[in-house]
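Pasting the structures here.
The following pair of complexes shares a single chain, chain A, combined with chain B in the former and chain C in the latter.
Up next is the complex of A and B:
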């Protein structure tokens, strides 16, 4: 059984096919349920398959609150799924309530960054100073954007990023447009600022109740 | 500025796609592929990932020491040069084995990704 998302126990199963082309089903326990697809295939974690999985979860989130389950989480039997549901029922139902009406928005911001083969980096000292400058710019940028969006963001996580910064923000559905507008105005205020905002998404980065990471 | 209102636009840059596979309610299916045709490349990838982890940890520690003023100019030059050469060498090794920076990572299930 491939698990897609934890949902409230009173939700109905959407009539959409899963990754293996079979109909999605709901397995219910007291207070919480999980959407599954019966399958015997093993799934690879390629970006393509993860993206296809995420689209299905996005479709589920249109009609109900969801806690996305990590892809590819597969349990052997219905009994195993039910056992997980019963074991996690309190935690998952509480988190579902916490996330009801909230979505994830991802903000990526960056600046023109010196390449590691920058010809001005000719010594060990200049290399280390350039790295320290990048770290400092990241901290400053995170603080600036946190300040900018704190009015709307219920939780903020700093995501890993190879370049620039990426922030996942948990916001009320009604607060998504003003948050995007604030980022747009922030970017337009200076030529060197580059930002991309995406969402609203199901709360992929907030399914587990963890403290927001600090930069 | 690009704002994706379309919830089908999944890419690594703007979307929480890494959270789809790296953030979890549980992590029950981690497996290691022992396919004979790919095990050598997989082993190299694993070793380089661990070296990259150590390199990044060393670099972060060096930056912290630099910010704290805890290194002499000679130390700064020596440590910085070591890290610079190590990064160059890692790039050469990645190229040699046909790996990208994104390949040097591990999914640690509920803990997220290693790098």
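Up next is the complex of A and C:
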């Protein structure tokens, strides 16, 4: 069974097909439930399927709080799904309450300098100094964006990025427009700044409470 | 100036970010996997299956913890 998202136990299954074309079902335990779909063992996991999975989870999140399950997670039987629900019921139901009314946005921001084809890089030393400068600029940019959005962001995670920075931010649904507006104004305040805000989505990056998992 | 954000549309950036989060975020659950070749099942594994982007695994290994 392909797992889509953990939801409150009183939520209803939406009448939409899953990736395998079958109807989505709900398996319930005390306190939480999970949206699943019967699927074959050899499940295709291309970029197309990942995108379709994301759209289904986004649709689910319109009507209820969700903890998205990492794609692709497949359990062999209903009993295995139920065992997971029962084992994680307290943790998941608490996280569902924590994330109620919250969404995730991803902010990309960068500076205009080309980083890889700098003609001044002619030796290993100059390359290392260049990389150190890039890391320092990234840290400065992260701090600047954090300061800019701290009014709305409940949690922030720094994601890996090939160029510039990428931040996943947990925000209230009502705070998404002002956060996007602040990023837009930041970008327009100087020609060299570039930023893109993606989302809002279900809280993929915040489904697990990292603080609760820490020893 | 050459950079990815200029050459990609906002929709493309959003799709890339969304797919990255779908496979890099979310709740991680114990999973089952069947390893097969040419349609023949060879090995069945019932294990704690964690699928994560390579860079997150590298960071987690370096920090001595499981990928988030």
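Methods note: the second predicted complex is superposed on the first by the 204 of 215 C-alpha atoms of A that agree within 3 Å, B and C clash if a C-alpha of one lies under 4 Å from a C-alpha of the other, contacts with A are read in each partner's own complex, and residues count from 1 in each chain.
Here is the rule we go by: a residue touches a chain if its C-beta (ideal position, glycine included) is under 8 Å from a C-beta of that chain, and two chains touch if they have at least 3 such contacts.
Keep in mind the model is a prediction, meaning the values are calculated, not measured.
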Practice item. Name the contact category of A:125: first (chain B only), second (chain C only), both, or neither. Key: first
Practice item. Go through the superposed model and pick first if A:69 touches only chain B, second if only chain C, both, or neither. Key: both
Exercise for review: Determine, under the contact definition given at the top, whether A:135 touches first (chain B), second (chain C), both, or neither.
Suggested key: first
Exercise for review: Have a look at where A:200 lands relative to chain B and chain C in the superposition and call it first, second, both or neither.
Suggested key: first
Check your understanding: Is A:183 in contact with chain B, with chain C, with both, or with neither (first, second, both, neither)?
Key -> first
Check your understanding: Does chain B (first) or chain C (second) touch A:18, or do both, or does neither?
Key -> neither
Practice item. Please write out, lowest number first, the residues of chain A touched by both chain B and chain C across the two complexes. Key: 6, 47, 50-51, 53-54, 57, 67-75, 84, 92, 104, 106, 108, 159-160, 162, 168, 194, 196, 198-199, 201, 204-205, 207-208
Exercise for review: Using the touch definition up top, name the residues of chain B that touch chain A in the complex.
Suggested key: 1-4, 7-10, 12-29, 59-60, 62-63, 66-67, 73, 76-84, 87-88, 91, 101-102, 107, 109-110, 112-113, 115
Review point. Can you list the chain C residues touching chain A in their complex?
Key: 1-6, 10, 13-15, 17-34, 36, 41, 46, 49, 51-53, 55-56, 59, 68
Practice item. Could you please specify the touching residues of chain A with respect to chain B in the complex? Key: 6, 45, 47, 50-51, 53-55, 57-58, 67-75, 84, 88, 92, 104, 106, 108, 116, 121, 123-129, 131-132, 135-136, 159-160, 162, 168, 180, 183-184, 187-188, 194-201, 204-205, 207-208
Point to revise | Residues of chain A touching chain C in the complex | key: 3, 6, 41-42, 47, 50-51, 53-54, 57, 67-76, 80, 84, 92, 104, 106, 108, 110, 112, 114, 117, 159-160, 162-164, 166, 168, 194, 196, 198-199, 201, 204-208, 210
